[in-house]
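Here chain A shows up in two complexes: once beside chain B, once beside chain C.
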Partner chain A sequence: MSIDSISQDAPQDPGVQRPIPEAIRQGASATAESTLNSRHRKRVSKAFYGLCVAISLLSVLVLVVLLISIAVQGHSRLTPTLLTGSHSTSEPASSGMYPAIIGSLAICFVCALSALPLGIGTAIFLEEFQPTNIWLRRLHGFINLNISNLAGVPSIVYGLLGLSLFVFMFNAFGQIKVNESSGTEIMGVERYYQVLTLAGGGDSVLIPQSDLSQPTITITEPMPAVDRQGNTFQLEVWDPKSETPKPSDPAIRHRTVRLGQGGGAYAKTSWYYFRLPFGRSFLAAGLTLSLVILPIVIIASQESLRSVSPSLREASYGLGATKWQTVRNVSLPAAIPGIMTGAILAMGRAIGEAAPILVVLGATVAKNSGPQNLMDTVVTMPVLIFHWAGDPQFTYQQLAAAAIIVLLLILLLMNSVAIYLRQKMRIE
Partner chain B sequence: MKNIFWLACFAALFAAGCSSSTTTDSDAPAADASIPESNLVGEIKIDGSSTVQPISDAVREEFIKLHPQVNVIVSGNGTGNGFRSFYDKGTDVSDASRPIKAGEFEKCQANGVSFIELPVAYDGLTIAVNPENDWVKELTIEQLTKMFVGDDAAKNWSDVDPSWPNEPIKIFAPGTGSGTYDYFHEVLAKANDSELRGDMTLNENDNILVQGVAGNKYSIGFFGVAYYAANKDRLRAVPIVNPKDNTAYEPSVENISSNKYAPFSRPLFIYVNSESLNRAEVQTFVEFYIENVSDLCEAANSVRLPQEIIDHAQQNLDARELGTHFVTEDGESREGAFAELFQNENLVK
Partner chain C sequence: MVAVLAMCALATVGITVGIIVMLVGQSWNFFNSEHVSFKEFFTGTEWTALQSKNIDDAKFGILPLLSGTFRVTAIAMLIALPSGLITAVYLSEFASKKVRAVLKPTLEVIAGIPTVVLGYFAVLVIGPSLQWLTDGGFDAFNATSAGIAVGILCLPMVCSLSEDALHAVPRALREGAYGLGCTPFETSVKVVIPAALSGIVSAFLLAFSRAVGETMVVALAAGTQATYTMDPRTQSQTMTGFIVEMIKSENEYGTVQYFSLYGVAIALFVITFGMTLIGQLVRRRYRESYS
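What follows is the complex of A and B.
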């Protein structure tokens, strides 16, 4: 009601300064009019404060609702199986996310290894080595502008870039085909023919492959082969048409193949197996994610370098230090806590990204182990959650909620380790 | 220095992951001492129909219990997309919910990809509505044509039958790269050379379709019977009137295998690259697939094939009978019932 009366008193915009009452101008400390005015202003101020609290509570409320609904849905699936098992279609209840946890961490590792040095290096260049030449300054500004633009590019676009840049490499090195060596395998691969033995049940021996253009082999005579321990032995051949009976001793059966038995190429890979193009591998996925987070790392590192007091730098120059010495001993140590914060936020984004991973690796979630070599594909947590959440079966819905809890916990763990390290750095 | 520590943490986790993964793999078969540990190694790539994917997944899971060191990758990007990677030599096995098309067969020939065609199960393409839908009791092919074909297709339920509610029909359908879409299109629209309506909600992921139909009273959708069977409490399958005897049949196991659920009973296939079949792991996997698919496909909610067809498939696999039964020498698709076409004299390499 008072607001109404005031608006009658002062029909003009409340923002506009009202004239000082005559009584106050004469020397009175307060008048009825001025008290009313100040009461009104205080009330508006309080109302605004209340609004701010309500808005911030609203965002907390959304978070609480999210956490509660996930916890209610997922708590029954928070079992050891969830951490040790892998996705199963025939027995949903025994599904777990072990390969996805390892896969996400592996991708994050690649991502950190490539994005952090590049990003921090770029930030140092942009902040500490500012040129004085007008043309170089313009180039500098141009790079700065582009990095800010890149930070706004949707991640799925980076996914498509990663697909052609890392997965296919613009087909410059040929395509990855089954039954063919890509010809650009750089290291970590030994080629064999795998031939089934008489022992049955999928028992097989390996025969070293000398001619890469021959994808198959037909066994017609005894030849050297290797067992899984790497020992060479002479492979026996049994002719079903001959009078000799099929060997009955299992040990001999393991070393004997049927005459005319065919075998196909098998590439035995070590963990450092490296090949061009990368194909749908976790290396390609990690590098793609590093493109996604690179602008974030650069901008955060720039901000934090910018906030280092110029007097520190000038003191260093004053002592005769070179630019490099100043960066190495003064600016970078002072900026590291801020850079770390940026890096943590960026890694958190990387581990939660699903869209670029779906483009680069595809939506396959049936995998029972982490990556076995650099060119192996992986399942990641966001993709697994996406798959489970899209499945109408109730068990998978619960699993998705439980997996979200695990993902949040891992994020929390990563962040707290990084925050701890950051605090430690600051004290030093 | 803290960065190094951080990276070291990751490295340790990563290494732990790699090493422990192998132990978990080998634990499973060791439990059953009667089966000696298989030393078969290698990688098998499978892509194609999302209708066949649950079967391939089930076979995969059983297979890697016996051969834990074989890496089997099953994707379900749709029959058409699967054949595309198959003729580009990107996959060893292609899942298909329809026979190969003449154009795809030509691509295979041009790229030097020869294959063995193996039927693995029956599927009933299921037309499902929301359980709250109490007006649709059965559907005829004419009614389906009215609902699904052409851009002037029925907008409201009442356009199909005046006694039905005057509410818009919400349609959820598999994507155009899927064999299920192609098969549905072939049954309803191929004859008069028209297209399915363009305003359906398309998705390659059948689970999305299930959720779409389950979430809206006025919706209708179609997909493989496996996805209906897994969600029976949230969907209702509409009986389809068989044009031959004018009786409506549900997509039940009996009706599908006896072909009463016509014209929407259809065989599912796998296509195996014959060059890959030289590889010990692919050979072992495909033999395991044909031997066990009849039992495993029921767990995956598909319908088993008659034993004589499986036997015939087994013979073709043993004899390495290459080629397809469904395309003629002149590159035309053959028309006719599956059992009649699946004969060796129809094989074209």
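What follows is the complex of A and C.
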């Protein structure tokens, strides 16, 4: 059998082991078969390279298609109303996302305030204070593994945890029910009954509420009251059935109510209104999100601390610094650019996260302002987008696309800040 | 001070414990109900917690939700795993600095896109294109469009984790292969990828668990009907999709229907936590062997 016939019969499969041709064993540098074989292998390699390039370009293509399609869908709704208005069911065209932008930023603020100290603290503990004791070392390894696992827990499960832990607090402080109970109030709220006076035109006075379980009051006798300016005075009662004429002086009318006049509950809250459990508030939502991003913050900070050169630490120890002084003066400042970058990326994740907020705050989007106090409910951008995108009306579809553009721009801005900070700190 | 830091670290363990306590405690309300049996939960092929207001008609068999999750995840993995791995090979073995400078940021941007945006993309572009390509062979909301969007979402993750694994393969292995006359294709596929296999497998597992837990994309694009089928063209409510629908619905806190979401959540948690745990353990093993 000649060499040529072998090379033509056998299919050129690079995976099949074939004996080395006799001619090559004898010392020839190449035979017809080996040339063909190597040509084939080179062709496969080229094809593979082409495949690599094509598939890699595919990801760029997907991104471009995504951005273009959303821009096309949403550009006509990129109006000032979008930034200043609020969601409206009656007039879709005048809907906007102002409360959602403020709400997202507020939640992000709470999230940063709670997740960053906890996350950076954990990272310092895990990276800088590595114990020598075998059991403590195992504990360290366990905590590390646990953190990587937490990073893989679906965000909606964190939402359910936040619902039990922050919204209801396992019902340890009583359950919040509309018009019945507000849980255990700590500070920042004064409760009144609002009662209409004789002055008319919606003029009303406030009567301090003593029994929180009574949602309404009926005025039967004179009692102390507070006017809108906060002055306390004695409320007078006028009985329409009695012979006394209705007072005519506006000042007196202002302090007098009809006998049997009913009044509803009214709560005057300051921005620091605080109660337990938190209920469906933006504080609860922010804390829930901080659980979601905590593993990301920890892992980024750990990597940043790990990349600080050991010689810096050794120099610090050599100068007689204690462990804590070394962390504070050497490791942490050197790692700060990386930590900041990781933190801002985590914040970007928090702003875009919808599922946990949906679970904690519910799917309602009817709110026309940002949060007024710590216990106020809030709308966020992703939840609003979810609501609009799920609505069959075409206007809302366009609004969703426009809101996505705003959201992506905000994320882009945050990432640019991260890159800028990283560059600036590196130079210093 | 060290004590404070240690408390921070232990708080992370507290979160895990909190999740488990919460899930077990709340789903106890579900499994303990007389309308629910474990056998039906694991083998029943109907899930009507949302549709039936009357508890006697409600059927709690998780298989339809599981099959929905499986369909979406399988499609996502079909897209994310090969393309993620090939992109990773390209980035670590072939790409020039210029190409890297474009490709890396692109992947980072895709990784940073909020999931609700990808869900909207699935409804806006992927679903209609599928319908157009097949002349209406797909439902308006279907498992495939959601799966493709989830695949796009997982791609950067598969890619960056696999690339880390490929990077950790010592240079000497590649040089040896080239010295023996291997082509770039043979070097990557027969030498580098097998050497990095454990890292790649762990990347796959982590991406799988991410896809199973993905919520907003499926809530928008996969539909709201729990169907027990393997047909990827139909609506398919997933486990996460059901949780969102239940939260959005008017069901009162305290009904069995409401607590059924915790039954689903505990199943979801067990699956994702198991996958992540195995993935992390595989990853750790491989890390030790090369550093």
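Rule of thumb we're sticking to: the second predicted complex is superposed on the first by the 332 of 428 C-alpha atoms of A that agree within 3 Å, B and C clash if a C-alpha of one lies under 4 Å from a C-alpha of the other, contacts with A are read in each partner's own complex, and residues count from 1 in each chain.
The working rule: contacts are C-beta pairs under 8 Å (C-beta built on N, C-alpha and C of every residue); 3 or more make two chains touch, one makes a residue touch a chain.
Computed from a predicted structure; not experimentally measured.
A.B. asks: Please work out whether A:Thr216 is in contact with chain B alone, chain C alone, both, or neither, and reply first, second, both or neither.
C.D. replies: first
A.B. asks: After lining up the shared chain so the two structures overlap, which partner does A:Ser90 touch, if you call chain B first and chain C second: first, second, both or neither?
C.D. replies: first
A.B. asks: On the A-aligned overlay, A:Gln393 touches which partner chain: chain B = first, chain C = second, or both, or neither?
C.D. replies: Touch status of A:Gln393: first partner only.
A.B. asks: Which chain makes contact with more of the residues of chain A, chain B or else chain C?
C.D. replies: Comparing touch counts on chain A for chain B and chain C gives C.
A.B. asks: Examine A:Leu105 and indicate which partner it touches, taking first as chain B and second as chain C; both and neither are also allowed.
C.D. replies: first
A.B. asks: Can A:Leu113 be said to touch chain B (first), chain C (second), both, or neither?
C.D. replies: A:Leu113 sits against chain B, while chain C stays out of touch.
A.B. asks: With the two complexes superposed on chain A, say which partner A:Val62 touches: chain B (first), chain C (second), both, or neither.
C.D. replies: A:Val62 sits against chain C, while chain B stays out of touch.
A.B. asks: First (chain B), second (chain C), both or neither: which does A:Ser369 touch?
C.D. replies: It touches chain B, and chain C stays clear.
A.B. asks: In the superposed arrangement, which partner chain does A:Gln194 touch: chain B (first), chain C (second), both, or neither?
C.D. replies: After superposition on chain A, A:Gln194 lies in contact with chain B alone.
A.B. asks: Identify the partner contact of A:Pro382: answer first if only chain B is touched, second if only chain C is, both if each is, neither if none is.
C.D. replies: Only chain C is touched by A:Pro382; chain B is not.
A.B. asks: Between chain B and chain C, which residues of chain A are contacted by each of them?
C.D. replies: Residues common to the chain A contacts of chain C and of chain B are 362-363, 390, listed in rising order.
A.B. asks: Using the touch rule from the top, collect the residues of chain B that touch chain A in their complex.
C.D. replies: Residues of chain B touching chain A: 2-3, 5-7, 9-11, 13-14, 17-18, 21-22, 24-25, 35-36, 38-42, 45, 54, 57-58, 60-62, 64, 66-68, 71-75, 77, 88-92, 205, 207-208, 210-211, 214, 230-231, 234, 273, 275-276, 278-284, 299-300.
A.B. asks: Chain C touches which residues of chain A in the complex?
C.D. replies: It comes out as residues 14, 41-42, 44-45, 47-49, 51-53, 55-56, 58-60, 62-63, 65-66, 69-70, 73, 117-119, 121-122, 124-126, 129, 142-143, 145-158, 160-161, 164-165, 291, 294-295, 298, 324, 345, 348-349, 351-355, 358-359, 362-363, 382, 385-386, 389-390, 397, 400-401, 404, 407-408, 411, 415.
A.B. asks: Okay, in this complex, where on chain C does chain A touch?
C.D. replies: Within the complex, chain C touches chain A at residues 1-2, 4-6, 8-13, 15-16, 18-19, 22-23, 25-26, 82-83, 86-87, 89-91, 94-95, 99, 102-103, 106-107, 109-110, 112-121, 123-125, 152, 155-156, 183-186, 188-189, 206, 209-210, 212-216, 219-220, 240, 243-244, 247-248, 261-262, 265, 268-269, 272-273, 275-277, 279-281, 284.
A.B. asks: In the complex formed with chain B, which residues of chain A make contact?
C.D. replies: 84, 88-90, 98-99, 101-102, 105-106, 108-109, 112-113, 116, 175-180, 194-196, 199, 201-204, 215-216, 228, 262-266, 268, 271, 336, 340, 362-364, 366-372, 377, 390-393, 417-418, 421-422, 424-425
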